[in-house]
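The structure under discussion is supplied below as structure tokens; questions concerning it will follow.
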Amino acid sequence: MIKVLYFARLREELKTESEELALDASTADIIALKLKLSARGDIWSDIFAGDETVMAALNQEVAKPDDKLKDGDEVAFFPPVTGG
Amino acid sequence: MIKVLYFARLREELKTESEELALDASTADIIALKLKLSARGDIWSDIFAGDETVMAALNQEVAKPDDKLKDGDEVAFFPPVTGG
Amino acid sequence: MMKEIRVQFETLDPYKEIDTLRADNKAIGAVVNFIGLMRDFNEGDSVSQMSLEHYPGMTEKALEKIVDEASQRWELLGVRVIHRVGDLDPLDPIVLVAVASAHRGEAFKACEFIIDFLKTRAPFWKKETTADGSRWVDARHTDDEAEARWQS
Amino acid sequence: MMKEIRVQFETLDPYKEIDTLRADNKAIGAVVNFIGLMRDFNEGDSVSQMSLEHYPGMTEKALEKIVDEASQRWELLGVRVIHRVGDLDPLDPIVLVAVASAHRGEAFKACEFIIDFLKTRAPFWKKETTADGSRWVDARHTDDEAEARWQS
């Protein structure tokens, strides 16, 4: 299993704070996971296959698209940060 | 007349805080004034004709060596500044 | 080096933090601090309130990393980074970055470095309330440029 | 722009000054402060006390000029420069340069510009007391370099 978190605008638009997904070929790496999420259609496809920048973190560090996922990983998706 | 002020290390070494001098050829500009002061000999010559940097101000603004002096002017001599 | 990194819902008192940073260390010759404050105006609109969300866990890790990088680049005697989350009103401090060192050059550089990277790397998101309702604040292009300066 | 320039014998309270700078101005998004503090160590020796002399009249003129130059270069909402003179003990604040603006880049630059020029242009002189007696502090070459950066 992997845990997926959504923050800020994404959390609100997707009406999802977090979810757990099985680890398989469709969740093998960050880019596969994004494809899987965008395949849900509607707002999911707008966000994960659209023009807006979506940042990804893996285990609380900035992730690269080809970062592999393993059991127990925590993935997070969020818009560009705006703190400070 | 012109007023001449000395600050910090100079004030202490010259044992003079301020003095008034007549305005004549020997006080026509900053460089003439420095020559006049160094001609007093001893510590005066050490300071005004020596290796140490002496800064000059004319009417409370940084002065250039060839700045002309006029009646009522305030000249100040001091070491490089060390505030802040 | 004394280091404190904190994310808090409570009101941020920048002076208490700077005082703690300075306390009893007679080797400190320079303290440079940045206080980020809530403005009542953004992108042409009046803003009456703001709410700050973050990613607990990742935030602290990201800030630790930024501060560690700064303390490797410059000789520092202390760093405090305190960031508000939750609801804020105009005039409220959002963030304090306080840096102490023996001389000023290092403190200035480290302080600006930390806030520049915080702005682009630390997972905080602002939502502001205007007359038209609430909206998420967009990331600034100028923040990316500010970060990029440090690559050279 | 709110501007305050002061030379004082009284203890300098940097927090009161920063608070006054910020007060009620909801357009201020960034405050950058430099606090220069008395260290107990200089040029390899322990320093127990310090005394600061200045040139009344010229000091204020020089500081005004530096602050005016900064406010022409950058868009600022407020500047406070407060400098101590007289006798100081280790840990005492010597100088505060506080700069407020809408965004941080300008506040950082203006704050560093003002302290860099103050260090080379404002007529203050430090005399420090060590175990061997008292001595005038020599000007730092690095301060000239810091000032020179702004010429480009």
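Read from first to last, the chains carry the letters A, B, C and D; within each, the first residue is number 1.
As a convention for this text, contacts are C-beta pairs under 8 Å (C-beta built on N, C-alpha and C of every residue); 3 or more make two chains touch, one makes a residue touch a chain.
Note that the coordinates shown come from a computational prediction; the quantities given were computed from them, not determined experimentally.
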Chain groups still in contact once chain D is set aside, others held in place: A, C | B
Identity of the chain that, by mean CA position, is farthest from chain D: A
Whole-Å gap separating chain C and chain D, where each centre is the average of the chain's CA atoms: 23
Centroid distance [mean C-alpha coordinates] between chain C and chain A, Å: 26
Separation of mean Cα positions, chain C and chain B [Å, integer]: 48
Contacts with 2+ other chains: residues of chain C: 36, 115
Overlap residues in chain A, where contacts from two or more other chains coincide: none
All chain pairs that touch each other: A-C, B-D, C-D
Parts of chain D lying in touch with chain B, wherever the complex brings them together: 36, 52-55, 57-58, 61, 83, 94-95, 115, 118-127, 136-140
Residues on chain B engaged by chain D in the complex (per definition of touch): 5, 7-9, 53, 57, 60-62, 76, 78-84
Chain D-facing residues of chain C, complex: 14-15, 18-19, 22, 24, 26-41, 90-91, 102-105, 107-108, 111-112, 115, 142, 146
